[in-house]
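Once you scroll down, you'll see the structures, which are given as structure tokens.
The following pair of complexes shares a single chain, subunit A, combined with subunit B in the former and subunit C in the latter.
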Partner chain A sequence: MNGDFLTRMQNIDRRVIYTVVFLVLLFPMFNPIGLPLKISLVTQKAFDAVDALPAGSLVMFTTANAPGTAAELEPQSIALMRHAINNKLRVVLNPTAAESPRFVDGYRQMFLKAGYVEGKDFLVLPYLAGGETLFGAMGSDLKSAYSMIAAGSSALWDSIDGMQDFDMLADCGGGESQLWALAHIEAKHKTPTICLITAVILAVRQPYFTSGQYKGIVSGLSGAAEYEVLARVPGKGASGMDAQSMGHLWVIFTILAGNIAYFITKGKKSSGGDR
Partner chain B sequence: MKILRSSVPIWLGVFGGSIVLLAMFIKIPVHVGLWSKWFLEWRVILASFALTLGAGNLLRIHANRIRMKREAWMYSYVTIVALIGYTVLGILFKRTHPVYSFIFDNAYSPLSATVFSINAFYISSACYRAFRARNGHAAVLLLSGVIVMLGSVGIGYAIWPGFNTMTQWIMNYPNSAAMRGMNIGAALGIIGVSLRVIFGLERGHLGGE
Partner chain C sequence: MSASPGVWLAAIFTLAIYSFLYGDNPVYKFSEHLFVGLGAAHMAVMGWESMFNRAWTPLYTKGEWWWSGAIIGGIMLLTRWFRPIQWISRIPLGFMMGVAAGLSARSAIDSQFWRQIQSTVTMKLNTTNNIVYVVIVVCTLAYFLFAFNEKSGLGQGIKGVGLVGQYMMMIAFGASLGSTIMARLSLVIGRLDFLFKTWLGVLK
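After this line comes the complex of A and B, so read on.
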């Protein structure tokens, strides 16, 4: 193989790479390939934990979903909400990021369409700033943290004394909120906790799953697709998996091609160069 | 005034930090526990004020950029108009108003998602140029990365089902072990810095005194 070609190949214009990425992601969106889906252990455990809750169980869904992470977190959240509706769970929706109330409005509509009664079967808490301190305040005294909700305004809220009354905490976000949930709620009240996260932070959250602190993790678009299959609630997760598969394949191809070119040119240089 | 600038904030830190810390780990008298609860509640309220402070600071910085005609100063007008306009819209009409929703769904959401999704293009380019098996360590990292990438998506399972098993092993053992070490190290560092703040030894947050 020509040495000049290999050197040029290593310094290929990034716009060429960007264009190929675009086409590789675009193709499966219009021509679904139907690749198989293997359920990962973390998603299976998350599904099992939710599925094991008897009807009427109380779940808090804290979400830091935002437009930047919604491509991964929104399909996961919708699948979880639909699963909760199918299993007749009572849910308290709690937006913990400034952008999240807009997404919670959507989940509220899902519950209303399913015949849930707001204030009795589900509840939407107002957004409060504070990050970790908010989780600390919730773990310490939930009712005081949300003291702006008047007593008697909701039967569900009146029936709750604190985080100890929840049968599960599901935290959704691409930041640190899952760790705050563990530190201030799971550790204090032993509330079974699952998390819905972006794929890029799975490696950081995995140790808390292997230690048993998270009952399960739904990670990235693949986690959403797997949860949709398990809960039998088809959605956007599964439809996006072909594009993600092709994207991964393209990145692996670029790594291999770059390394092959690197080793061939390195070998030629060490043997006296290209003659 | 020195007392107000340095001594009072230090003693507030000592008092507030100690009580919240004690209440977290030790069974303490009821009234001390209540103070801890109050501090946490106040912090939530303070965080809301911090949002306002941040918005005010953003306005000040961009107003200065416009006044001094710094590079790309005209974009500061866009920031100021968006910040004030969207805040006023939200306060007057609430977030369920069609115009508020339209801007969120058709301007903010696509822009934010675009910035995040550009990572796919950067990662692809960076992998091609920089991810080289230059030595043994880099080769192990590269091989693990490729296996985990294949084991995380359907196409890897279609090529060879073993990729999935190998991915789970890598994530559960080497990854968990390494991440635990890093987490414990970071936690010890945070404990050290927090104790220095509580004991008044760390004063960087008071303006570097």
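After this line comes the complex of A and C, so read on.
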């Protein structure tokens, strides 16, 4: 192979690479390929845990969704909300990050559109700062943590004494909130917990699934797509998977091509070749 | 094409941020600073609202005087801006760190330490996955054993097992990197979806 070509391959202008990434991702968005989607065990278990809840079960959805993570967490959250609506679950929406209330407002609209009555079938808690201390307070005494919600203002809130009344906790976020949920709520009240996370942190959350602390995990855009398929609620997750797969192929190609070119030219250099 | 000014603004700033991929430029810089400024303003407003709901309202309306401690602590934090009394800010900061350390240490021991060990030790070796899991745990732990003489037979054995653990860790780090790439592509897909579907309306 031509040495010049191999050397040039290792120094491709990043603008060329980004342009190709752009085109590779865009092509399947306009022309869906319909690549097969394999359901992972963690998503299947998360779906099973939610699906097994009888109608009227009470679920708390804590979310730290933010603009930086929304591309992954929003399709997951929407799929979960639609699944909850289809199964007639009662949901308490709880934004735990400063950026989350506007996302929660979108879920509120979904519930209202589905005929849910706010305060009776679902409830939106106000955002409270605190991070782990908030989860600690929720685990200890939920009603005191949200003491600003007046008694009598909501039938659903009045019927809740604490986290022990919840049939499931679903925590959504790309940070540490899933660990706080485990530490302060799952461990204390044995509340079945699932988490919706960014793909980056799957590797460090999976041991908690293996140990049974999480009943299931929905991870990244692929997890959203899998959940949409399982819950039969088509959305952005499944439609983005073709693009994601094509993007992966491009990344794999560039890694392989770059490494092959590097090792060939390295061999030539060490044997006194074209230097 | 969208008629919403909000969508247009979001689309223009998305393109402005992506212009960095071509090279650093003033349009990118302006968008970056605006984004950081808006983020800070949003956090400040949400923080204020949270303080108002959580501390001020119960203090003022219900006479729950103990919330005044939180408000005074918050004001003490602001003394960082004034050099002569800067030291005052260290008091609430130390308190916050102490609470955070106490809270996480107490809870982490059970959920992140004890139950992880428990589940690994009691794992039934009846599936290939479980066997691989336990082997990797043992090999990885062996990599961090430094208390043995490397020249002894036992030390050599542990070093060999640790070497396998080292490769397993590298595979795990590789998997994490792969997940990171996947996540970044998801972000781009999300933006492309916004640009071509929500903004331009050319994507069904």
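What we mean here is this: the second predicted complex is superposed on the first by the 273 of 275 C-alpha atoms of A that agree within 3 Å, B and C clash if a C-alpha of one lies under 4 Å from a C-alpha of the other, contacts with A are read in each partner's own complex, and residues count from 1 in each chain.
To be clear about the criterion, contacts are C-beta pairs under 8 Å (C-beta built on N, C-alpha and C of every residue); 3 or more make two chains touch, one makes a residue touch a chain.
What you see is a predicted model, and the numbers here were worked out from it, not measured in a lab.
Once the two complexes are overlaid on the shared chain, A:P101 sits against subunit B and subunit C alike. After overlaying the two complexes on the shared chain, residue contacts for A:L182 are found with subunit C alone; subunit B is out of touch. In the superposed model, A:G56 lies in contact with neither subunit B nor subunit C. Once the two complexes are laid over each other on the shared chain, residue contacts for A:V251 go to subunit B and to subunit C alike.
Applying the stated contact rule after C-alpha superposition, one finds that A:G240 touches subunit C and leaves subunit B untouched.
Once the two complexes are overlaid on the shared chain, A:K38 sits against subunit B while remaining clear of subunit C. In the superposition on chain A, A:P126 makes contact with subunit C only, while subunit B stays out of contact range.
Touched by subunit B in one complex and by subunit C in the other are residues 14, 18, 21-22, 25, 68, 70-71, 98-99, 101, 128-130, 133, 136, 147, 199, 202-204, 207, 210, 220, 222, 244, 247-248, 251 of subunit A.
Taken in their complex, subunit A has these residues touching subunit C: 14-15, 18, 21-22, 25-26, 29-30, 68, 70-72, 74, 98-99, 101, 126-130, 132-133, 136, 147-148, 179-180, 182-184, 186-187, 198-204, 207-208, 210-213, 219-222, 236, 239-240, 243-244, 247-248, 251. Contacts from subunit A toward subunit B in the complex involve residues 10, 12, 14, 17-18, 21-22, 25, 35-38, 40-41, 66-71, 98-99, 101-102, 105, 128-131, 133-134, 136-137, 140-141, 144-145, 147, 199, 202-204, 206-207, 210, 220, 222, 241-242, 244-252, 254-255, 257-259, 262-263.
Listing the residues of subunit B that touch subunit A in their complex gives 20, 23, 36-37, 40-41, 43-44, 47-48, 50-51, 95-96, 101, 104, 108-113, 115-117, 120-121, 123-125, 127-129, 131-133, 142, 145-146, 149-150, 152-158, 161, 164, 168, 171-172, 175-176, 179-180, 183. Those residues of subunit C that touch subunit A in the complex are listed here as 21-22, 42-43, 46-47, 49-51, 53-54, 57-58, 99-100, 103-104, 107-108, 110-112, 115-116, 118-120, 133, 172, 175-176, 179-183, 185-193, 196, 203.
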